[in-house]
Amino acid sequence: MVLTDKNNVIEALSALAEREKIPSATFFGIGFAGVATFGFYDFDDKVFIPKTYNNMELASLTGSIAWQNGKPSIHAHGTTTGADYVASGGHILDLEVGTGSIEITILRHEQKLERKIDPAIQANVLQVR
Amino acid sequence: MVLTDKNNVIEALSALAEREKIPSATFFGIGFAGVATFGFYDFDDKVFIPKTYNNMELASLTGSIAWQNGKPSIHAHGTTTGADYVASGGHILDLEVGTGSIEITILRHEQKLERKIDPAIQANVLQVR
Amino acid sequence: MVLTDKNNVIEALSALAEREKIPSATFFGIGFAGVATFGFYDFDDKVFIPKTYNNMELASLTGSIAWQNGKPSIHAHGTTTGADYVASGGHILDLEVGTGSIEITILRHEQKLERKIDPAIQANVLQVR
């Protein structure tokens, strides 16, 4: 999948998962991000603290597609770099293509995977076996 | 594979390789690391200098499974990010899951691969072809 | 593919693409880089500003193989880390193996993919569908 023109990567992956009925998948990407928002989890306040970077090279993107309550659930991590080449990243809350494109490779798996909230830690955990 | 509860990623991959007799594999992961120890090689003293990070997002994890002297040999590199979103990483000496989980995708290859010490550089090199 | 001895990664991937007539591929790598040159695009001057790092762990490498004007076109992004473990990276202009090796996994796709200059942005964009 190649995304251009300020496409939202998370929304595009969700739409693809619904359209092609992807049971589960792992994906990888590189490209140029107009907006990349990472969240670091605050275990005291139980919220992600967001930080947004603009117009960055997407140095790495790794994620998974699963399902939750009948909807695609996209989990993505990555790193971005700017004019100082220093990498920042983590858990991705939002990702939009910048000038140019983001190339994404989707490795489809035939096993349907679900995500569920683990009540002990209030975190969303992929259910495998 | 989804690991939770302070599981050790390297040990879990070794156990999986033995249990499922994986000839060789490439793996990828994301998640939350309780302990991530990276080693940077000191070519003068011929040792890895370790540095440990705690409670970090695992922004990227890439590695390979091969065999050495009849035992699984796991080689993994990655990057982690903390509350400042800055990425640190390199060659992984140790990796344990933190609160939440680490999701790992294993791409199994049918060719059996071995690692051997290259005497010229005292480094462990994967033998392909 | 395992590269050693100051091999140039981009040239090695191009040669492999020609030799094995790879229609398109995604690749991943880890290892130790003698030379890693990253480019950050200057949209005003329309050139990549290069920065070279030497003797770094290659913490991540993700890229794609396609074709342009009958020649392999390699697009690669990555992160490297040095003795301070801090990650730097982005779009790769050049990458050579250092002491030790770089292990590369190539995921071959059967669809032939081409890259073309998008005249609106003067950027090379992979053509899918």
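In this document, chain identifiers A, B and C correspond to the written order of the chains, with residue numbering beginning at 1 in each.
The criterion applied here is as follows: a contact is a pair of C-beta atoms (placed from the backbone, for glycine too) under 8 Å apart; a residue touches a chain by one contact, two chains touch by 3 or more.
Computed from a predicted structure; not experimentally measured.
Q: Among line, ring, star, complete and other, which one matches the pattern of chain touches?
A: complete
Q: Go ahead and align subunit B to its copy subunit C using Cα positions, then give the rotation in degrees, nearest 5.
A: 120
Q: Please report how many Å separate the Cα centroid of subunit A from that of subunit C, as a whole number.
A: Roughly 22 Å, centre to centre.
Q: For subunit B, which residues are shared contacts with two or more other chains?
A: 28, 60, 79, 86-87, 107
Q: Over in the complex, which subunit A residues touch subunit C? Could you list them?
A: 1-2, 4, 28-32, 57-61, 79, 81-83, 85-87, 99-101, 103, 105, 107
Q: So in the complex, the part of subunit A that touches subunit B is made up of which residues?
A: My answer: residues 26, 28, 38, 40-41, 43, 49, 51, 60, 62-64, 75-79, 86-91, 107, 118, 121, 123, 125-128.
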